[in-house]
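Two complexes are shown next, each including chain A; its partner changes from chain B in the first to chain C in the second.
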Partner chain A sequence: MLKWWQTIKVHWSNTLVYRVNFLLMVVGPVLVFFFVKVSLWYSIFEGNTEIRIGNYSLSDMLTYHLWTMIIMLISRSYNFGKLSEDIRLGRVSTYLIYPFSLWEFQATNFVSRLLIQIFIALFCLFILMTTFSQYFNNFEAINLAKGLLLAVVVSVFWFSLQYLIGLLTFWLEETWVIAVIAETAIQLLSGNMIPLDLFPEWAARLLDYTPFPYVTFVPVKMIMGSGGDLLTALGNLVFWILILNLIILFVWRKGLKLYTGAGM
Partner chain B sequence: MLSRTKYYLLLYREFIKTCFVEAMSFRLHFVLLIIMDLVFYASVFASVDIIYQHVETIGTWNREQLMFFVSFILSVNHLQMSLLANNYWELSLLIRQGGLDFLLVKPASSLFSTFLRRISAGSTLLFLVPWSCMIYFGNKLGFTWHAWVILPFLVLLAFMLTGLIETIISCAMFWMLEGVGINFLRMQLQQVARWPDFIYAGFIRKILTFFIPVLLIYNAPSRFLFDFHDWLVMVGMLSAVAIGWVVLFFLWKLCLNSYESASS
Partner chain C sequence: MITCQGLYKNFKTYQKEPGFAGTLKSFFKREYETKSAVKPFDIEIPEGEIVGLLGPNGAGKTTLIKMFTGIVVPSGGTVNIIGFNPAKRDRRYRKKIALVMGQKSQLWWDLPAMDSFQLLQRYYEIAERDFKKRVGELAELLDVQKLLNVHVRKLSLGERMKVELMSCLLHKPEVIFLDEPTIGLDLIAQRNIRQFIRDYHHRNHCTILLTSHYMADVEALCSRLVFILEGEKRFDGDITTFSNLLGSEKNVVFDFENSVEEHPLLIPFDPHWNDDHTRVELRIPHNRLKEVTVQILECLPVVEFNTEKLPIERVMKTVMENPALLESAQREN
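Presenting the complex of A and B:
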């Protein structure tokens, strides 16, 4: 446990050395995306609170996107780049002989980053609740707790996905392309831009068989009080995380056989 | 003057050759780049299409107008991704590791060598997709022959303005310890520019039109093509390009003066 705690502390100090960089990479994109979405939906509704699109009034839509931002702030993970570099430059060799595996190291970095992101998300939530109190009228603390719990589990999903993408460096020179493809697809299919209940019915039904709705749409709906059963959502997420981790295990074993330890 | 132009054209031909040879050695990466662009195009068109299944217009624009606008964005974005984007990502590394030294001693303009050296071979092949969409939606909007004649020039002008703005922003990397965050900032401005200007509120719209003119990049040409009487926006765009060049030349000198050359 001490190893984990020490690594978390080292990662914190590494992150906070480049504070501006961290803010531009992690917080900036989420805030700008939120600003664009709010402007877009306000324009679509023409600022009219009477109009309804699907089940959403303007107020509902803005509330949806406020919570989307909080979920994104907590759950987004960016670990594939470092892992990719470690494999490409042969730094993985170190972890093969250390009493602290590569996965443990990456997981510790993930936890330390998650803690920072939770702090930033809660800070943003406090600012938003005091500034836009009208959009927080109908929410209940228990629903917020459920949604935040799901967001933390979603962050494990993102971590696993990014870890898997990073491991593909055993075969590929660059893996950022796969990360961008995954990110672009998930952004649309998770309801980040447009709530999934506004999608054509066939598409929404098809998405039910994928993990995408659980990445954004379900946690947000859970906070808004219409996300269904928490255990079902948790079960689905855990199922997809398990699948990802099984693939990770398989890819790691296969990849290690190809590993040449460049630079040793 | 003519021999100078010929010299740079020959140099650029060599850059293109080198990048294609390099891309061909990593064929899977080459294919993945194409898939990445296709996924991005699909996600942008799908987002707009889903929104228009619920509303007739956004602001004053109907579906065809916004689809043309999106196609125009993708055409410019395609040029940006193919010819410039990789250079911005590499710049932070060149500054941090001192690789810029080698570019500065070459017998060519340092701006040219720094920002036009890396070409994304995979992306260049995809120009047909956004151009086909632009022609399809332009046709649906009943463009006159005047519009078709000036369209390629407007794409090039928009590409020039986006390139100038992004290069100016990238110059901030010279004053930062870690420049990757600046690339994220650049991408966020792209995100903001990708929607019609009328979705943004008055004050923010003014800042993004006159101070950091990202809203002019795609909006000015599209508005002009929809209605030739709206020529004032084009005057604004041409002025922004002229000012951009002046600012860039001045700023680049400042950047080189502050460059500490990590390798020497």
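Presenting the complex of A and C:
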């Protein structure tokens, strides 16, 4: 554990060197995305608070997207291109020699970022709750705790997925296009833009066989008090995380045979 | 200690014709080529020896080091280093080796070296007391006590190389792989690093495998030299035998009072002139040294001359131009 803790501290020190850059990377895209979604839904509702689309009034929709933003602030990883670049430029060689694996190094980096992101998310939540209190009427602290716990597990899902995409660099050299496509598709299919209960029923039923609803829709609904059973959601996420990590193990073993340790 | 038999590595690369048309063509149809980076390679290095791996760029030196350290998986052959197969990346093996890369920093660029050392202390599970003692000793040997708390990016290349070396030696490795440890350093820094490696080896009796483009590194540190050409081992033996490959020739440098034209007397001895033709370097067989020197002194306006052993760079250059020389040397060895 000491190895992990020391590495996390070094990651924090390193993050603090470029703190403004880090803060902008964490908060910037989420805020921009949030305002785009708010403008879009405001136009769809034509600013009318009486109209309902499905079960959502304009106010419900804005509350949904405020919680989506908090979930994203915690769960989204911001360095998916780094592993790919490190493999391509041969920087991972160091972690093939140290008695601390590349996965451990990347995982500590993820944990260090996650802890900072949780702090940022809670700070943003406090600001939002004091500024837009009208959108935070109907929630209970226990539901908030459940949703935030799910968000932390969702972040492990994102990390595993992005680590897997990064490892594809052993074959593809550049993986950022795949990472961007995967992220955009998952944001759409997880209910980040449109709540999944507004999807056609067949599509929503199909998505139940994937991990995507648990990435955004379920945690948000959990906070809003209608997300179902916490253990079912956790079980589903853990199942998909395990699947991803089994694939990671397979891809790592195969990919390493192709590694050339460039630049040395 | 280090043994490998028939160890080889092939890389698959694809060829792309230049220009946009080439890019388009390679998008639809790629022509792959398998390149043999290291051909079946055998070596045995006993414990405590320093061996120099010598060869031109692309000869396969670094690929060998990568296979020995477990960075690259060999395409075939066997390798055993202190009882481990490096390709398996056993943590116990990784704790016993170190790799110093002159062209690549392993330290955290934006942090002081001491932060990286503390991280390595945890990775290698070095006890606090041993760690402090080791940092103190190495910092003193390398004279870097004042640099440990300076951000790595603010260090000069020579200073950075010293702390890089320090970081690789904190865990007292049994086998050290040095890949171009003095590359890019000025002459004084090169000498300091060499001196340190020599002292360190003397104190710790570790096994060292060194690759370098600077022959001075190999001459100063290694008694045994392995010469690689196009992925193949072409010479493995005593450094003196390698130096004498071109026979018992002496390198003689003549300085002239003024510019001298090409002289028929000099032509048989492979003359190397300076730009203004006031200095020439000749390779003269030992048995004709006296006779030829007297003739040159009589015919040309010599102001100074000196004799030295043929530099190993010249030997290597000649050997690369005429690899057949190596076969006879290898037979003698």
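Operating definition for what follows: the second predicted complex is superposed on the first by the 262 of 264 C-alpha atoms of A that agree within 3 Å, B and C clash if a C-alpha of one lies under 4 Å from a C-alpha of the other, contacts with A are read in each partner's own complex, and residues count from 1 in each chain.
One rule holds in what follows: a contact is a pair of C-beta atoms (placed from the backbone, for glycine too) under 8 Å apart; a residue touches a chain by one contact, two chains touch by 3 or more.
Just so you know, these numbers come straight off a predicted model, no measurement behind them.
If we overlay the two complexes on their shared chain A, which of chain B and chain C does A:177 touch? Say first, second, both or neither.
Touch partner of A:177: chain B, not chain C.
With the two structures laid over each other on chain A, which partner does A:40 touch: chain B (first), chain C (second), both, or neither?
A:40: touches chain B, not chain C.
Touch check for A:127: first (chain B), second (chain C), both, or neither?
Neither: A:127 stays clear of chain B and chain C.
For A:21, is the partner it touches chain B (first), chain C (second), both, or none of the two (neither)?
In the superposed model, A:21 contacts chain B only, not chain C.
Check whether A:188 is in contact with chain B, with chain C, with both or with neither, and answer first, second, both or neither.
Only chain B is touched by A:188; chain C is not.
Using the touch criterion from the header, give the chain among chain B and chain C with more contacted residues in chain A.
B
Using the superposition on chain A described above, determine whether A:29 touches chain B (first), chain C (second), both, or neither.
After superposing on A, A:29 lies in contact with chain B but is clear of chain C.
Would you check which partner chain A:243 touches, where first means chain B only, second means chain C only, and both and neither mean what they say?
Touch status of A:243: no partner.
Where on chain A do chain B and chain C both make contact?
Chain A residues touching both partners: 17-18.
Please give the residue numbers of chain A that touch chain C in the complex, ascending.
Going by the criterion above, the answer is residues 2-3, 6-7, 10, 13-14, 17-18, 90, 93-94, 96-100, 256-257, 259-261, 263-264.
Show which residues of chain B lie in contact with chain A when the two form their complex.
Per the stated touch rule, the residues are 26, 28-29, 32-33, 35-36, 39-40, 43, 46-47, 50-51, 53-55, 58-59, 176-182, 184-185, 187-188, 191-192, 194-196, 198-201, 204.
Please output the residues of chain A touching chain B within their complex, sorted ascending.
It is residues 17-18, 20-25, 28-29, 32-33, 35-36, 39-40, 42-44, 53-54, 171-174, 177-178, 180-181, 184-185, 187-188, 193-194, 198-200 of chain A that touch chain B.
With touch defined as at the start, can you tell me which chain C residues reach chain A in the complex?
11, 62, 66, 69-73, 89, 91, 94-95, 97-99, 101, 103-104, 106, 108, 110-111, 115-116, 118-125, 179
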